[in-house]
Amino acid sequence: MRDRIMGPGVPPGTPATQELAPHFSQWVYESVFADLYDRPPLELKTRVLLTMVALSVQGRMAQLRGYIRAALNVGWTREEIIEAIVQLAPYQGVPATHDALAAAKEVFDAVQKE
Amino acid sequence: MRDRIMGPGVPPGTPATQELAPHFSQWVYESVFADLYDRPPLELKTRVLLTMVALSVQGRMAQLRGYIRAALNVGWTREEIIEAIVQLAPYQGVPATHDALAAAKEVFDAVQKE
Amino acid sequence: MRDRIMGPGVPPGTPATQELAPHFSQWVYESVFADLYDRPPLELKTRVLLTMVALSVQGRMAQLRGYIRAALNVGWTREEIIEAIVQLAPYQGVPATHDALAAAKEVFDAVQKE
Amino acid sequence: MRDRIMGPGVPPGTPATQELAPHFSQWVYESVFADLYDRPPLELKTRVLLTMVALSVQGRMAQLRGYIRAALNVGWTREEIIEAIVQLAPYQGVPATHDALAAAKEVFDAVQKE
Amino acid sequence: MRDRIMGPGVPPGTPATQELAPHFSQWVYESVFADLYDRPPLELKTRVLLTMVALSVQGRMAQLRGYIRAALNVGWTREEIIEAIVQLAPYQGVPATHDALAAAKEVFDAVQKE
Amino acid sequence: MRDRIMGPGVPPGTPATQELAPHFSQWVYESVFADLYDRPPLELKTRVLLTMVALSVQGRMAQLRGYIRAALNVGWTREEIIEAIVQLAPYQGVPATHDALAAAKEVFDAVQKE
């Protein structure tokens, strides 16, 4: 299931995490993806968008870019992703929405080049 | 559309906002609900869950309770709401998930009594 | 100067801080109020409003109520305080503004009764 | 090990979590306490204080109270807990330290009555 | 009025926002600047400083740089801007003040070169 | 004592702070390090790790890197620093732990080159 979210062959976590804390990469793989994501009744597609929102509110940009790409992977369109980010503005604030749209543009541009 | 989210007859904003800043209650009504929520291509049902998530991450409990109720109003089941909150734990942290589940229980109990 | 901000005779910090960490109450008194507040070129009145804003963004409600009262003490009107909180909505988010207006109403009501 | 942190017989999570999401209470028990806490080379006593700090910075008060009690359980003195909270003031801000000291006072008073 | 804040000819929002969500740039222009900023009794000059503070507390650096420049545009001196950021340290924390001063230096240096 | 934390000869604060607000660098030096850090009964080594945790939760990356280096300076091993960051994941969230591990890797690599 993680392959469907992150794309096939994308290693878990970040390079720093894999190098410094491989047991934690493994923990995320097993305890987060296997135990928490793979449950009824919420669809995977919905789950990925919720995670994307949480990361935008927190301003965790590296992970946010990863989940914008994940949102594309599980079937959300660019327009839907943009709308989700825009809609958050009254809650997370306009600056957070500007930041998340900048992250979205980076991901969309990178995907187009691949 | 705001009636579908908040329930019919629920006044906009909070009592304090209505008393101290009625122009702001009006602004939220027009600028947030009419301008930002009522747009394709994202479904209203999805939008409400995204907002609920943003409020949980921020720890804004009064508004979170309002949007848990809104999530019920637009058709999410209790099980789906619980799953959404639980899934957020690795991103927002376990304490935020405990807090949001406490808010959910309050709302579910209040709805049952009505 | 602290008397002008907090009102005459209001003890520094909170009851818990005074009991558990009197040296910290003293530190706030000397290191924050004497060293950082009492400097040109920014007016005390402006400084108090800036602090009020910071507390609203952070959602630290007990201290926010203290600084809404402080804003009244140094000469801001209720209308100006309300406008400051409302203007923050696009940056801190609508929920934070609702929360801060609720705090303002509590303070305004308490002041009226005194 | 969880008994040493939380005290014997204290149920995992909150009442709301146990009722609405028992599988999540179980996940915290197994994936957080068993997998992440019980590892060399960091001592349990140190881990509990670090967690207490994280909760203070986040302003998650219910969980913070739980971990102030946990800090007492694993052998930190009241004076050390107070010093840890006071030292955080320049990083988390003075208001967060006031809030955490208020939580500490609640816990210390409750422990004294038991 | 937006020209007075941002400088004449500065386009609304960020490049990413203009490209991905032009309707949102327009919304910010109309709903934030026209509806919320342009109201008595708070002066524009005060409003800009309050916004600058909110962005510093949130750590939204791109927008913070924009509002430090805006503060210069509406008449605050460098010394006043620095004092505002320094005064926030006990509330937002010393690290946030270091970050905001780094942003201020970038803006001041860029303005000097123009 | 500050030399023991930051390393001998490391100037206080950041270059921007030293240039724009030297009185604030001085204030941090005297009011934070001398007044708050140098007190019984908490050991300096423990204090540094607590500060590191607070900075990770806040996502203040420049200061976090400074305190990861400080943790090495006062005698924590790389393995202990990594464990502290990993343990925080269920509280601060997995993304914050990934970010802090990336900061740790930068510091460890820089130290190795020196």
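When the chains are written out, they are named A, B, C, D, E and F in that same order, and each has its own residue count from 1.
Here is the rule we go by: contacts are C-beta pairs under 8 Å (C-beta built on N, C-alpha and C of every residue); 3 or more make two chains touch, one makes a residue touch a chain.
Predicted model only: the values in this text are computed from it and were never measured.
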| item | value |
| --- | --- |
| Third chains touching both chain E and chain D | A, B, C, F |
| Longest centre-to-centre distance from chain D, chain (CA-based) | E |
| Which listed pair, B-E, C-E or D-E, duplicates the contacts of A-D in over half of its pairs | B-E |
| Chain D and chain F, separation of their C-alpha mean positions in angstrom | 22 |
| Between chain A and chain C, centroid-to-centroid distance (C-alpha), Å | 38 |
| Rounded Å distance, chain B centre to chain C centre (Cα mean) | 29 |
| For chain D, residues that touch 2 or more chains besides their own | 23, 27-28, 31-32, 36, 39, 55, 58-59, 86, 89-95 |
| Chain-level touch network, classified as line, ring, star, complete or other | complete |
| Chain B partner contacts - residues on chain C that touch it in the complex | 59, 78, 82, 85-86, 89, 93-99, 101-102, 104-105, 108 |
| Chain A residues within the chain B interface of the complex | 28, 31-32, 36-37, 39-42, 46-47, 49-51, 53-55, 57-58, 77, 79-80, 83-84, 86-92 |
| Footprint of chain A on chain D - complex, ascending | 23, 27, 31, 35-36, 39 |
| Touch list for chain A against partner chain F, complex | 13-17, 19-21, 23-24, 27-28, 32, 55, 58-60, 62-63 |
| Contact footprint of chain B on chain F as seen in their complex | 89-95 |
